[in-house]
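By written order: A, B, C and D. Residues from 1 in each chain.
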């Protein structure tokens, strides 16, 4: 079924991107507060060990849903506002100016194409989730802060989409397959690689990336006890989805901690 | 039996709180040293990773056992004396002044109602204890600094008290059920959520929250060996309860470490 | 056999300590460099997480083998030269001046009595070793830096020495039993409590405390794989004992790291 | 077969080194940028916990493949350019000036002899890999950043090469056996000791040492789940080998983090 989703998504994407030959037009300036949030998200995820040298975070352009913003290819822990670039949904840069770009930026563009509800996309190599990407053990919610996982966490197998690869999502076709595996969920794991995490905005996506990793670590310990695990149920998760936590509380704390660390 | 306790406690609480219609009266000023201890406890538990952005700590008012003190709804790591608010045992604020309050503050009020011996209540999402909250494996004392766990550590299942919820202790009825599960013990786990830890004062409650988490982590490793575990016995724990450790030694160290970290 | 050792050691100790009625005489001033090493050892073990608020380190007096030096009862991470006190081997203070003393100081005095080769004693609550103190799984050397464990690591069960206790080594009789369990080895575990580590001088004892904890953590992971573990053999360990590592290299590094952290 | 390789390599090395009686000649000055990279590699591996007080990093001399550069025997975390010494491939110092040398420096010289493709050699006590060195569980790639492990990670058993030893690679014969076990691979584990990691240059070798440790930790957790693990295949690894990651991104980040920590 993943294959069918992938094929369908690829067809749609193909129609959209067919004419992309020259640099796309800019959707115009972005509110500084949004750029600041994007920079802070980079710093928070680096400070908390969710991102190391690799991985990236993007936000959709608030004025034009066919554009997104993401840093040039540098480590998230040193990103500043000056490093933010604009891309169209085929992940072509609006104004490259010779800057290096993330090879796997297609993940972002292809997710935005099929998920109009998504305002931010994160790709991490988060160490806590890797074991769930390489075993038959599904990642499931064990803490209420990660109850959004109740809809299931698919594991995307790049071999199904691209056969033998170097494990990187190097093109739109692979990214479309990943986006199809993600479906309408908040998180998908990438086998032997990491995950993709999405949210309506960068603050919620950041929080989801942090709590997905914490949940994975605690679930790993619980599994080591050898008995059954009492997971958060779909009904509980659904109810929680409609009553989200106070995101400002963690954002403000994590921001203060991250900026102190790196400045 | 937990249900029966919960119902009984709810009835008592209902009689007490029935008339609460307007802001309760203040029990008067609190010694600055007590407020300072409460602020320091917030910083210590944040610095040591027992609390992250969520969780809260309260102390009972020294002049009036029907009032308690707790910060407004901010991250414990940034609490200052100016953030401390006063509540009655139905968790109504004495002088709200528009400040946001912890949704789960009812945990504190309902525990104080049924535990006259308790002077401080802590609610954490402590990562070490979560695996014991979602498995059939009981948390038991393996280090003498956590020997207070010898009386047993119940796991409160919110489904038994409230059916399908969003996992939060949003009202007095749920908190009464949790307080009933706690009974006369120092710690109760909350399934898929964290724990509630109590003590005669904020320093002892803080120490218990720290050592409960450390005990859980070491017990987890010991369990992974697959053989029987030699727990601290009830008799040993009881004897230790009557000879508590030098709390000042850890408090002074943790305070120095926490304030250096955040200032 | 442990009981017999304990009884014999207690008899010897009793003869030595029978006349201790008034403060013992001082063995005279100690070279500042030795005091400095003792202070640095406190800071290193705190900085590296081997000691938290509890635990203690002593050195034997270089001029008189019946005296030892140890800090007053404060957290190791804040010890300075001014905190160092002198004790006789019954653990009576030479010049108390109202200072609080570690309840478990008897561990030090009783080990010095029966181990003339020992120049430094450390008692820790080191988290890595606890699982080996509460299971039937013996701690064994898996890294060459901890090859000194090849002689075996006994687990001292306080129940055998004192029946039901509050787990603390509160008197000479308990400490004599622990010293007897230690025998002529470098490390003994204390069930549900921690360990005692000894060495010819404070630098080697400190190094042993660090590598014992690291060894325990790596052995725990290896055990989780479920198959046989290839331990360092007695022959290898014995050969290594005669070719000790360059202790200055770790001491100098750890000292630099510890003093930076706390000053 | 390892023995045969070792014997053959020893014969070749013996011919090369037979005449080494007096200090070898220098291959001349080294570009400061290369020395700087070597110093930074020391700091990075210390900062990230891959090296503690022990372990060492070398680079081959760019002008003369029979010379290599490595620090005198001090902790990697405090190495500066002034500490770098020059050695021939028998690990004799060009200009000792009374400086202490790593006992195990033979590892470097003997690897350079048989691996003309190697420009940098690292020996670590990396905690993550130890469990794989003392069990029958092979270290295998689970994250794409460590896909270079796809060629297999041999475990060198010093007992096979030297019988009962003190576990140290104290001479050329032992080092030749280790180099033979390494063969043409990037990493070999040393039982109860650590690993040897090689690369075409110091930046790639450093990255491999870091990701080998991370891979080991994640594989350990995955193994604890008890089911089959979906490893990165040889085909995927080979394809990735031909498309290496952007090493500058991690190097620049790690360098910034390491120098901030220690200066």
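Operating definition for what follows: a residue touches a chain if its C-beta (ideal position, glycine included) is under 8 Å from a C-beta of that chain, and two chains touch if they have at least 3 such contacts.
Here the structure is a predicted model, which is why all the values come from computation and not from measurement.
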{"item": "Mutual neighbours - chains that touch chain C and chain D alike", "value": "none"}
{"item": "Where chain A and chain D overlap in contact partners, by chain label", "value": "none"}
{"item": "Longest centre-to-centre distance from chain C, chain (CA-based)", "value": "A"}
{"item": "Centre-to-centre distance between chain C and chain A (centres being mean Cα positions), rounded to whole Å", "value": "49"}
{"item": "Cα-centroid distance, chain A relative to chain B, in whole angstrom", "value": "35"}
{"item": "Junction residues of chain D - those touching two or more other chains", "value": "224"}
{"item": "Chain-level touch network, classified as line, ring, star, complete or other", "value": "ring"}
{"item": "Touching residues on chain C, where the partner in the complex is chain D", "value": "141-145, 147, 214, 217-218, 221-222, 224-225, 227-233, 235-236, 239-240, 242-243, 245-246, 249-250, 252-254, 256-257"}
{"item": "Footprint of chain D on chain A - complex, ascending", "value": "52-54, 73-75, 77-78, 100, 125, 127, 130-131, 134-137, 164-168, 191-193, 220, 223-224"}
